[in-house]
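Read through the structure below, which is laid out as structure tokens, and then see the notes.
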Amino acid sequence: MSEVEKRLAALGISVPEAAAPVADYRAFVQAGELLFISGQIPLKDGALAATGQLGRDCSLGEARAAAELCAVNCIAQAKAALDGDLDRVKQVVKLTGFVSATADFTDHPKVVDAASALMAAAFGDAGGHARAAVGCSSLPLGVPVEVEAIFLVDKR
Amino acid sequence: MSEVEKRLAALGISVPEAAAPVADYRAFVQAGELLFISGQIPLKDGALAATGQLGRDCSLGEARAAAELCAVNCIAQAKAALDGDLDRVKQVVKLTGFVSATADFTDHPKVVDAASALMAAAFGDAGGHARAAVGCSSLPLGVPVEVEAIFLVDKR
Amino acid sequence: MSEVEKRLAALGISVPEAAAPVADYRAFVQAGELLFISGQIPLKDGALAATGQLGRDCSLGEARAAAELCAVNCIAQAKAALDGDLDRVKQVVKLTGFVSATADFTDHPKVVDAASALMAAAFGDAGGHARAAVGCSSLPLGVPVEVEAIFLVDKR
């Protein structure tokens, strides 16, 4: 088991099987040293763990749990891309956190912080990443948050 | 004619002249092996081919046609960047599909799938890309969809 | 003083101290030759210089001033990343301009143009960048615009 997964296991988090994309795209593509992970939604065991919109019908706590799950799913995709060895991640480079939110919602960073904290917990110093957090009018399947990621890895 | 354009021609699609940006930015910039294409909107022959918002006044079919056109315009920019030779594209790395959508819309992936399918049709295996699809409250000029792209090419 | 800062000073603009992120992420991360800057908001001297939404309670002029400030803050982060020497920027590669906007707003490019123009003014030919401008339902802390950036720099 990778050191990354050991750290997550200590927090009670296991890295799931990566979900397959449902159309003509891929869950990840590596270009040079950069591993691009497709936008991940809060799927757990094949089912949506959360739906709703911040400021309307999704609480900050629910959205933070969903954001953490999105981050776990990004890590699951990275594991699949790296032949199962997450210790090959040299750096989490960038997260973009898309938060489904009403016009008056202002706490997008607090939602996406849950994804950022998970990366820090999983990767330690290598988990520090650049980030943007923005509000979306809606997201696929009605989820409250979607997170995409870029990882630095060895060039293939 | 490039193999890419032959494949598109077989589908009845020709790659148009690339549209010039209208302000102090560029339609594309290459950095190392990555070619970044600015967000493309559904322009055809210099005119908007679609306006409206999903869930309000733009149907899924209209939006899918617009998304395909955005993808064609991304390819047109890549052609301009690569001195006319689209066969120099080594991989479509990433698409981001921005969909103008109401709060209750949930089918963003079905819209952006039309752009993804066009990339697969044009580039074959090299067309497989990472992707995010998100909902926007509105988009430039009232278009229903905007697509940006990153391509992998030879380092200059 | 860098040539970049001299050009900005001639326009009456000084590059401020970079603001620290407030959670488990970083204001910038370099991966290879690419320097990723986290989404910047219109903070000035530690306070929000603008709030509101385009089409509702923020004018185009206010939003353009906010977008320019976001660009200045991106440059401030790049300065911090590059040990104070902005002349090490080889190219502004990509800006993404997130504009808080109502469903009927259509002038997102005019807002983000102010950020693009600032980059052109600061970096000259190296300031030309790829770009996307999109509408967000809301943004962190209620700001009208957020800008993230990617710069090309020497590999470390």
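Odds and ends about this structure:
Order of writing sets the chain letters: A, B and C. Residues in each chain are counted from 1.
Going forward, contacts are C-beta pairs under 8 Å (C-beta built on N, C-alpha and C of every residue); 3 or more make two chains touch, one makes a residue touch a chain.
Nothing here was measured: the structure is a model prediction, and the numbers come from that model.
Its C-alpha atoms fitted onto subunit B, subunit A is found rotated by 120°, rounded in steps of 5. Residue numbering shows that subunit A and subunit C use the same positions for less than half of their mutual interface.
Separation between the centroids of subunit A and subunit C, computed from CA atoms only, is 24 Å. Residue positions of subunit B touching 2 or more other chains: 32, 34, 100, 102-103, 135-137. By the touch criterion given at the top, residues 21-29, 31-32, 34, 36-39, 53, 56, 96, 98, 100, 102-103, 135-142, 146, 148 of subunit B touch subunit C in their complex.
Residues 32-34, 55, 91-95, 100-109, 113, 116-117, 119-120, 127-137, 150, 152 of subunit C touch subunit B in their complex.
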